[in-house]
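This is the structure I have questions about; it appears just below.
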Amino acid sequence: MSVNFAILGAGRIGQVHARAVSSVRTANLVAMAEPMEAAAQAMRAQFGCDIRTIDDIAASDDVDAVAICTPTDTHADLIEQFVKAGKAVFCEKPVDLDVDRVRQCLATVEAENGQLMLGFQRRFDPDFMALKAAIDAGQIGDVEMISLTSRDPGAPPYDYITRSGGIFRDMTIHDLDVARWLLGEEVVSVQASASVLTDPKIGELGDFDSANLILRTASGKLCTIANSRRATYGYDQRIEVHGSKGGVSASNQHEANIEIANGAGYTRPPLLDFFMTRYTRAYANEIEAFVNAVENGTEMPVTGTDGLRALELAEAALKSVETGQAVAP
Amino acid sequence: MSVNFAILGAGRIGQVHARAVSSVRTANLVAMAEPMEAAAQAMRAQFGCDIRTIDDIAASDDVDAVAICTPTDTHADLIEQFVKAGKAVFCEKPVDLDVDRVRQCLATVEAENGQLMLGFQRRFDPDFMALKAAIDAGQIGDVEMISLTSRDPGAPPYDYITRSGGIFRDMTIHDLDVARWLLGEEVVSVQASASVLTDPKIGELGDFDSANLILRTASGKLCTIANSRRATYGYDQRIEVHGSKGGVSASNQHEANIEIANGAGYTRPPLLDFFMTRYTRAYANEIEAFVNAVENGTEMPVTGTDGLRALELAEAALKSVETGQAVAP
Amino acid sequence: MSVNFAILGAGRIGQVHARAVSSVRTANLVAMAEPMEAAAQAMRAQFGCDIRTIDDIAASDDVDAVAICTPTDTHADLIEQFVKAGKAVFCEKPVDLDVDRVRQCLATVEAENGQLMLGFQRRFDPDFMALKAAIDAGQIGDVEMISLTSRDPGAPPYDYITRSGGIFRDMTIHDLDVARWLLGEEVVSVQASASVLTDPKIGELGDFDSANLILRTASGKLCTIANSRRATYGYDQRIEVHGSKGGVSASNQHEANIEIANGAGYTRPPLLDFFMTRYTRAYANEIEAFVNAVENGTEMPVTGTDGLRALELAEAALKSVETGQAVAP
Amino acid sequence: MSVNFAILGAGRIGQVHARAVSSVRTANLVAMAEPMEAAAQAMRAQFGCDIRTIDDIAASDDVDAVAICTPTDTHADLIEQFVKAGKAVFCEKPVDLDVDRVRQCLATVEAENGQLMLGFQRRFDPDFMALKAAIDAGQIGDVEMISLTSRDPGAPPYDYITRSGGIFRDMTIHDLDVARWLLGEEVVSVQASASVLTDPKIGELGDFDSANLILRTASGKLCTIANSRRATYGYDQRIEVHGSKGGVSASNQHEANIEIANGAGYTRPPLLDFFMTRYTRAYANEIEAFVNAVENGTEMPVTGTDGLRALELAEAALKSVETGQAVAP
């Protein structure tokens, strides 16, 4: 059996998922929905899929699964529509910026016995998977302390920032999910500090561009997160896990594995500087994992609850910044 | 315009090229030839291409280009057949193990004004391309000395060894091509030493499993090559270039970019241990470069003459081993 | 002119400083005080210095400077005695575990116009100095965010822990000093979380073995600190500084700069696992800097106030752990 | 018992050894000989040793051992004089540039039952010792193939070049000794190629500045050596050993263990660029090993024969360059 796929939204991430679906042997990209005519035609030309309306796709018998790649404020509604239509749903994070709306949506998914996977692609990055596998194999003993570093090459456009829910809900949320994934326990306390260091305009928009967090679980495991919206050297994405028997780290990915030596020193190229390039394989693996779960009827590897928990931690972080207190999510 | 492709041979490398053709936007895989029924059917199922005989493909109006992925002893004949049929030809190295047969074949290609590209995929590895680009950009000044290291995880099967033409024609030939590519001058002298260190049976078959070479150009540029048929740590593929203003090196690729630390030390995973995994992107880039050259009618990025020169150097190396003398190719 | 030195205390760190003094061309080790006869004799045999009582040294005309290497609870008294005696004083951190006593002692130093240098040796580590020099040279622009990682191979003996003032005053204090040194601004807020993860007995003694901190300056610069009393892979001592124009990091020091590759991967030796080995050159540089300041009558490179500030930050961290709140030091 | 030392020659390397002797607990530097008054006085001031003539030292009862740090053309005579005087002799390489003179001198040493150690300091570099220890511990199985890279930051003065015996006797000789040390078998064949690439004047003086060698042992072990008199990035000193069960490599030493990241990439400082800085610890370890051998009456860790063998290999390399043939040393 193979999984027939439709993609909602032909934007940047919609194209990434279209390519990913095309490369999964057990998946077929049959349709997509996209209001912009030119973008829709380009997708059809490249992937040979039908262009349909969202409602048509929901009603299509030849579609088993959809990937929701539309703007954030449509996610919750579309998830509800498609689980009601009996489709397996892959949705880019977040379900919604409002925690209550997320809870309501997840209740619908549950009531419908729906299949929902959230797009936290970092869990599917080959290096991070290898790091997780080393932990699961007991190679570092019990996880005790984690350091996550995520820095973007540059801030998103101002109008995106205003719609993003702020750095914690938009950017840190990925680290919060990674932290939960690796800690193996729920976080009970969040401490955070945030600043505007790269661009005062970001502060004027009510957001931050730099943040440090400490997460703590009930058993005392600790995790720091360091975020910045600016890194001149590329897309800085690192994980370090310290355990009772050792440690494991995943390093950054450079543009090429070369090094040039001269009187100024030994220079490796900057990092891959775009999340789509950095996480190319992660996106492909993520869709493949979704397809496998749909095909085999197994549990989704990243659930709606994972999305909710990460969002709750992001809110706790924001509250900690505002109050100076450790906040229970 | 797009290039219609046929692949001759559905073996391991044929499949690699089929996937590569599929991923090039301006190429279509229309047909393949494969005598083994099961392999042919598998290719058809996966890539949706026709199965035809080699002669049918040569006569097909809807085929612009072919990739020859058949056994070595068929290469020269097929190249001649297909250039005469007016097809652009991509052929896995070598054209032939016999230098005279290679010369004859290339003469035919020239007489037919044919387009022939040889499959030295290392030139298309992203890291090696970045290294070459650094040299071409003048970042290390004039190239003075190169060190090439190529070690296979293990020796090929004995029956392959007997048909391979020996380690210099089979394995070192890739390094010889890389050396020519990077030196920017023809080699005028080859010194070599070779041993049987990993398996006496390889010696009984008249071959070596370990070799060191020194190449020298007319202007005195130097290059060492170190080859072994055994490397417990994976597929060891490194380039180091020393120049008048600096140096540049390309490092190995590990299974994952992680490091585990414990009382025994800091351990990174072994290297990718299979040439197809190690050179996945190189194979794709190589086919794309071929397609671009066909489409634009430009010069082939690796020519039949490149194959001939590398083979001549391999022969010179063998002769140096036998005589102890520096040999002019 | 050269500086005549006496060392108070022939313990582990006293010996380190004796060796350091011996290697500074402009310093002479003339005397030491040590109540343990055997230790005193050993020092005399090795360094050829006199053995005198502390009071004799204070009264010695041939002593210009002393290094206080006695137990912590004697530091403040000895500092006061020796500045009153007109000697330049180098003292191992901390001046005292009690902030009020430190303030009182520093007041005496000031009243006597004394010269006091505190022993925060990390500022004199060649790698950390190179990192600081890169920052000072503007190579990363404005400092925005720092990550400090310090992990000990193992916890100190229980009786030391009970006298140590706790992990923040004993261990984190070095990172707090490094943070102040690199941030270039005073810290205005400390958030901390601490756990007992390596040995429950440490918790029973009222201490922690694992800690994470966030420091924040008035302008919003941020710093995380990660501490653990256990690291199976050696003495983990790293600094990472992220700035407006780039970043700079100082890596760990391994037992040797070799790497062994086999089927299990690529393994470098563990880290140097003892602070005296790791910071050998730092200790020597530190004493040399002290001697230079004494000789030239210039300002001490690490002052008593530096010791006080770091201690205040340690206290703030402890209070943050206890209250969950961000604490102003 | 401790070893009383005299040093012949207060030049650069004489000072290095004086410092080394001073730091060995079981050695005393009692005297030195140096014709240049100022240099002699400086040594006396720094090390507190007597200044004597060479003949006085040979006749001194209070001298057990000497380190010969005088110009090369005096080495053989001095070795003979001092072994006849019953002193243990440490001599900088080479014994002489002429193989016959070396043989004659070594015959005298043997006849006198003298103790002679040659100064091949690389064997005492901590990283190279760790590499050797890994091999000896069986961690890479049988040694099969070695790659040695030695590049100087710049060529020595022309007048030194004219007296040096040429690149093979002066520079490559260190690699030849390392090769013998690591191969564990004598070399039976040398192939070499050499060029003038960095400075035509070096060619006019009859020397080369760039060289590649292949060494081969009777059992077929192989070794390449890559030398250059110019490396813009510092003093390039690397060893790589490939064995039946794995490989081991020793990396270069940078000025500091930091890395700066910005838009241009990730840059580590250049290498230590002076042999005395790079091999500081090697020189100290070397003298300590000599002292230990003298003190315990054990075999010298590097013998006169080691010096002879390396010189023979250097001569074979030169002959191979001249004839193009593989040469048996």
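The letters A, B, C and D name the chains in turn, as written, and every chain counts its residues from 1.
Everything that follows uses one rule, which is that contacts are C-beta pairs under 8 Å (C-beta built on N, C-alpha and C of every residue); 3 or more make two chains touch, one makes a residue touch a chain.
By chain, UniProt protein names: A, B, C, D = Myo-inositol 2-dehydrogenase.
This one's a predicted model, so the numbers in the text were calculated from it and none came from an experiment.
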Most remote chain, CA-based centroid, reference being chain C (Myo-inositol 2-dehydrogenase): B
Result of counting contacting C-beta pairs for A-B and A-C, higher pair: A-C
Whole-Å gap separating chain A (Myo-inositol 2-dehydrogenase) and chain B (Myo-inositol 2-dehydrogenase), where each centre is the average of the chain's CA atoms: 39
Distance from chain D (Myo-inositol 2-dehydrogenase) to chain A (Myo-inositol 2-dehydrogenase) - Cα centre to Cα centre, in angstrom: 57
Multi-chain contact residues (two or more partners), chain D (Myo-inositol 2-dehydrogenase): 232-233, 245-247, 261-263, 269
Touch list for chain B (Myo-inositol 2-dehydrogenase) against partner chain D (Myo-inositol 2-dehydrogenase), complex: 142, 144-145, 147, 149, 151, 189, 191-193, 195-198, 210-214, 216, 220-224, 226, 228, 230-233, 236, 242, 244-247, 324-326
For the chain C (Myo-inositol 2-dehydrogenase) and chain B (Myo-inositol 2-dehydrogenase) complex, residues of the former touching the latter: 232-233, 254, 261-270
Chain B (Myo-inositol 2-dehydrogenase) partner contacts - residues on chain A (Myo-inositol 2-dehydrogenase) that touch it in the complex: 25, 46, 126-127, 129-131, 134, 139-140, 245-253, 255-263, 269
